[in-house]
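As written, the chains take the letters A, B, C and D, and residue 1 is the first residue of each chain.
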Amino acid sequence: MSTPPLEPAVVELAGITHRYGPTVALSDCRLSIAPGEVHGLVGENGSGKSTVVKLLSGIMRPTEGEVRVGGKAVDLRSPAAAQRHEIVTVFQETLVSDECSGLDNVFAGTDGIFRRARSGRAEREAAERVVASLGASPAILQSSPHHLSLAERQVLTLTRALVRPWKLLILDEATSALDLSTRDRLFAVLADHRREGRSVLFVSHRMDELEILIDRATVQRSGRTVGTVGKDEATPARLLSMMSGRSDAGEHHVRAGARSRQAADVVLRGVDLSLVAQAPAFDLDVRRGEILGIGGLDGQGGSHLVEVLAGVRPTASGRVEVDRDGSWTRVTGYRQAFRSGIAYVPGKRQEEGLFPSMTVGDNLSMATLPRHARAGLFRSSSVLTRVREEMTRLGVVPHDPSYPITGLSGGNAQKVLVGRWLAAEPDVLILNDPLRGVDLGTKRDFYALLRELTEAGTTVVMLSTEIEELLTCCDRVAVCQAERVFDVLEGEDLTYDAVLAAMFGRHVSDEQSSDEQSSDHDTHRKVTL
Amino acid sequence: MTAPSTPETSRAGWRRSALAVLLVGFVVLLTACGGLSADEDGDSASADEYTALGTGKPATEADTAALEDVPASARDAYAGFWHSTRLGPNPYADWKPSKAPWKFCYSSSYQGNTWRQEGLTVAEGIVDQLDEQGLVDGDMIVSDADNNASLQATQVNTMVQKGCDVVLVMQPPTVGLCNAFESAKDAGVLVVVMQTGTDCTNAIQSDFGSYFAGQTSAKWLVEKTGGEGTVVMCDGIPGVAAAEARQAGATQVFEEAGLTVEHITGEWTPSTIKSQMLQYLTTHPDDVAGVWDGGVCAVPVTEAFEQAGRDLPFVTGFEGACAWLANWKKTDKESIGFTQGAGQGVVEAFKVALRMLAGQQPELNTLLYPLPEINASNFDEFYKPEMTLSSGCNAQPLDGESVPSSYYDDLFSGGDEPATFESRLDQLPVK
Amino acid sequence: MSTTITHGDPSLAAASPPPPKRRTARASSVLVYLSPVAMFVVLTLTTPGVLSTTGVMSLLVLASVLGLAAVGQTWAVMIGGIDLSIPATIGMANVLVTTLYAEGWGFPRIVLLVVVVSLAIGTANGLLSSLFGLHPLVVTLGMASLVTGSVLVATDGNTGGDVPGFITDAVSPVGSVWGIGVPAAVILWLATLAVVLLVERRTVFGRRLYALGSNERAARLALVRPVVVRVVVYSVGALCASAAGVLLAGFSGGASVSIGDPYLFSTITAVVVGGTSLLGGAGTYARTVAGVLVTTMFTTLLVGLEIGPNMQQVMLGVAILLLITVYGRDRHVAQRL
Amino acid sequence: MSATVATPLLQTVARKVPYFVPALVAVAVMLLLTASESETFLSGGWKLVLVYASPLVLLAMAQAPVVLSGGGGLDLSVGPTAGLVSVVIAAVLIPRDLSVAWLVIVVALLTGAAAGAVNATLVTLVRIPPIIATLATYLVFAGLATQVLGAPTGFLPEWMSWFTSVDGVLPNVLYVILGVGLVWLLLTRTAYWRNLLMVGSNDRAAYTAGVNVTAVRFLAYLLTGVMAGVAGLVLTAVLGGADATVGPTYTLQAIAAVALGGLSLAGGRGGLFGAAVGAVLLFLIQNYLTLTEASSFELQMAYGVVLIVAIVANGAWDRKRKAR
């Protein structure tokens, strides 16, 4: 299926494998980028895209295999090294130093320790040219980034890449922080560069962008390279099916054991909710005993929504209310939410969840310890029994509370984290993408577990960026897009295509609506600037 | 467009240079350590009329010569002066004292303990008396530098600006204030340094004969121990001239007597002294013939011996603290010591200052005096029942002062009769 | 119900070995707890005199004072902070006890006052170091001079006074409690050790202490209140430091605001030698105790070998560097991306 | 954001105004107070004050680069380094009659650089947390200094008195301080300044941009060492001799001065000027309390209070500034 490039590749990944300890992030990855092409790199979350990017931008070195630039193997031991080989990268995270002017942020790293590569004027002119071509105001080069909008910050990092000499530009979800006009100007700029034989590796979730831009696309799935397809083949449907690994992506999809609940017995609700400043407001009901899936691409508001529901994040406007035996109590913060029976399982395990220096038992019992304590002194026996109970229920391996949490696989660590909150026996359990980068066995356990919980009357709200997951275990799915719930799907309408389409701001039903949406999508993007 | 020196190459570059600098650095550090052995060889740097400061070093010709010139009546007190001070002519030779009333100022390097407070109290008492005689202009300005040399220097300067005629400086650091003293002298202000030697030759120093005192107590210990066995010297703060001087005196005596000498570093701090002594005793099971006190040691050392369950050897005292007397009474073990309260020191400093204000010329820049001795014969006169093991006070000279005013007659010449005052040391609280 | 669950592939977890961090931790902890023994052997071999009841007891008395002073430093480090106000607190307690006792205050009253002041110091440290993420280094530094200054102002620098006899006995190596031939200071230390370890291992607070040091964001989400933990940590530290200060009064027979100064670096050293990483979240007071014993015997050894205080300092510095190279290295930037 | 609405004025001020201005204002106030206390202050008195403040000023400036370099950057060993330098001068060079100006200066700078290089290696290459690394070197340097120079000594070559002379229009030490400042100014004209700030405020951003983070930090510690060397030289001159026990007492003051000067201990914000201003402020406060004949006990209290208040204020000020 892959069409080999005619000229020798600008950059080539040959049989790259990369491991973090036990977990394999990338195995036998093959990717070759021809001069003057825009090469798409697509795949669901955790498919190894970001690993590829890190390898090419010199942040990591591969465990096996080699990176070739212009045909010869190179060692990209640092971002500086990558730039020496004229590979520049713009990341999704807008990496700027707030204490330096925009201009300094753009040119830092181009010069030696002391020697400046260019005069201040030369820098300003070069930078202003690029900034102007991206349609942003040159003022952003002078002011301190503290006060710039997300989009303006991203313009800085784009400029940083474009002012450097480059053969390959890597855009790692870089457009997700841009407003539409800037994005389009960027695409125009890239078009010119292509004519000069420069190439772009374009990593994006946004099908519309891919369609506009790419010549070829390489698809990654769970760490493996599925293949590379030419522009003609690279239709959304094709790519999606390659990403999901199913040929029937277009086909109507029904989930086993689906039950649509008529009972509008609402336990948690958001009223006139808007997640970030100026984002459109919406309402959302969570029904008692259901599993509500929250879908959407990274950075489209999904995680903001769950955080807001759990009281971890303040609402920009509107309110979240929980049903406390008949009366609506407003959720003001996560401590109060916890007292009202809402438990929140944070998303980023490492940053927000685990205590790396502590044991499995400690990690699991942290939130509920007081319940086993008299006068601050807990009865370790009763804590341990509870911990073991949860560990059995969740099937944590190894079944040893005194095991260091850092010794566990991602999946088991995640089980422990969930166990911490299950131990609190909440009415509503809110999970922030609990299954990201988790092995299949664990996933299966989870689906069953969640069912069990709902049987027992617990309500579950679960964020997932993997459509499969949402389909497999949710009663309803609210898809977030542009910082608001774009659509809530259930029953018949809850299909792979529907979810996928909604993620990209479309309704499967009518194609035209895509334009409407993208237009109001734009308006929203504009306001944030 | 990529420049010749990319970050990459420059990295290799800085690695190399970093290593180079590292090497050079270590070389320099090593030379520094080299100085360890080498700073013995003589200081030819000072060719002026003042002797060199030779802390912990043997006497030079210049030193012995200078000692010859000291009036015989005072020579004892000047023994081994080079350990703590520099001897030479009166730096204020062409200084014309102003007419009374005078403004007195008191610059202390630290006031945070009882000993220092006694000094200040006495000084204030004296100034009040002189005030009654109409010799004082305004209140005494007092400053305290909290052991910060440069701050004390500015404080001295401030006093000069505020029109002090006499600045009494309590235990300044050995170096660090000379510049301040110089500018004071230029401004016609008399600077008298009390209770410590100094490296500055532009101030008048009033101090007791540390070396001599060290010798005296050491001699007593040799006699008591019968000149054999091991004596432990409880040293003060390393590098502080006052401490080194008495230690030099004692060492000289012990070596002569052929005793084995071992050291602990007490740093004039009871808790340190006691832990050091305990650690010494635990590591040295064999008998100790005696302990020589370089300051503050007597009581904690005695406690250490008692608490380590060892029989108490002869332990000298030094500064004659009330606690030491109480300890002597309690253990009934004979000892020897001196009265060395800050008050006494201040009294002597005032005597010197007043003589110079009266136009008298000191023969030397440094005026040393012997300390009254406390021994078995006069113990009962010094001991008072109020004294306890934790008293902070000091024993005071029986006749109210370390030496009679006449002591200075040989050390000064010319001028008129100085103003007089009562030391009133006996009126200090005993607690 | 768990019967319905198909367990996650066990090979996965089994295949994943404990991470190196853990392994070194295990190895190091063995070393740490063996080192005092080894040190003692060395000490007895070089200076046989140590092998006597009083010999050991005097070592323990010295250790107990440092040990008490180091409680606060240990906990501060365990939550990723540091406490420079310990020496000042020691001086405060030391001076208050002696001066007030001389003024005829009853001992209980004095203790009450010291406790109150200590709590105030600890609370201030805790609150301030939670504010705008201020650096505990500067906060505690400021507190230190504030405390020392206040004490001097209050006493006019006349820091002398009386020491209650029983305190003097408490720190005497030949002292004994209830007929047991162990000085009260050592008993007090052991009691503190017991309580501190109990808190670390068996209390909700203890767990939260580790959680805060291990991962503040996660701790917040796990319902830990960082401010509360910090306040308690620094308060407990201040209390123990005060206890050390009181003992020092008996030990030195006198009083001085600066009596605590040596304990600034010696407490940090004890913590570091014990192998508690300054990165926070790990370690325990038990390790510090090992560190305290080692350093105490180390200095005793140097006194025995008549090595001067200067070279002692140098050797300590080098020792710290070697130990940290093993325990507490930072991550490279690339690992944080 | 609510802050923006509440006090837009204060915030705009906080944004516009350079970091060191609050400290500068405080200094101005202290100058007025001092002048009102001592009439001779403005007419020359200030020169001497500056001379005696200069070691602290230089050490605070020395502290700045490492603090700027971020990552918990801090050098506890600046004091002992300065002490070591003065000891090397007094105990190694002078006894050997190696007291030629250029040699002494070169050796002073080299010794400082060596000390700095040791810290740099420990922090950037071995990656020991700065506080511990420099605490250890604090002990080592201080120990070495006292070992090498037991008793204080006062013999100095004549030329060294140049540093303390106040006969000129300006006190000579000011030229030294300005000299260091000038060198730094030149440095800020090179790429290093931007590298340092990038690394200090966000080392991840700097690294991905291609800045050699390790090298930049290494140099920061080296610079600190060199400046500590200069401070050591001046310290020796101001003391009119060498005293191994004096140097270390400056360390904590220097850190306090840096905090007072408005530098963020988190790194990336500040500069040498602020550090110097902070040091001057610190010394003026002490000096003023002396003038008012407050006891050093009150001085210590005030010192503690000022320090805490200042850093809290800086913290709040900074938060305002950052608020979007």
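What we mean here is this: a residue touches a chain if its C-beta (ideal position, glycine included) is under 8 Å from a C-beta of that chain, and two chains touch if they have at least 3 such contacts.
Note that this is a predicted model, so its numbers are computed, not measured.
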{"item": "Chains in simultaneous contact with subunit A and subunit B", "value": "C, D"}
{"item": "Of all other chains, the one whose Cα centre sits farthest from subunit D", "value": "A"}
{"item": "Which of A-C and A-D has more C-beta pairs touching across its chains", "value": "A-C"}
{"item": "Averaged-CA centre spacing for the pair subunit D and subunit A, given as whole angstrom", "value": "45"}
{"item": "Separation of mean Cα positions, subunit C and subunit B [Å, integer]", "value": "36"}
{"item": "Computed distance of Cα centres, subunit D from subunit B, in Å", "value": "32"}
{"item": "Contacts with two or more other chains, residues of subunit B listed in rising order", "value": "7, 10-11, 14, 111-112, 238"}
{"item": "Residues of subunit D touching at least two other chains", "value": "144, 146-147, 204, 207-208, 210-212, 215, 219, 295-297, 299-300"}
{"item": "Sequence positions of subunit C contacting 2 or more other chains", "value": "152, 156-157, 308-310, 334, 337"}
{"item": "Contacting residues of subunit C [partner subunit A, same complex]", "value": "1-2, 4-10, 12-19, 21-22, 198, 202-205, 207-208, 210-211, 213-215, 217-219, 221-224, 281-282, 334, 337"}
{"item": "Touching residues (chain side subunit C, partner subunit D) in the complex", "value": "82, 84, 128, 131-135, 137-139, 141-150, 152-153, 156-157, 265, 268, 272, 278-279, 308-314, 316-318, 320-321, 324-325, 328-334, 336-337"}
{"item": "Complex contacts: residues of subunit B adjacent to subunit C", "value": "111-114, 116-117, 238, 262-265, 267, 269-276, 278-286, 299-300, 303, 306-309, 323, 388-393, 431"}
{"item": "Subunit A to subunit D touching residues, read off their complex", "value": "57, 59, 78-80, 83, 89, 91, 95-100, 104-105, 107-117, 144, 146-147, 160, 277"}
{"item": "Of all residues in subunit D, those that touch subunit B in their complex", "value": "38, 40-41, 45, 48-49, 51-53, 55-56, 84, 87-88, 91-92, 94-97, 99, 107, 110-111, 113-115, 117-118, 120-121, 144, 146-155, 164, 210-212, 214-215, 218-219, 222, 238-246, 249, 283, 286-287, 290-291, 293, 295-297, 299-300"}
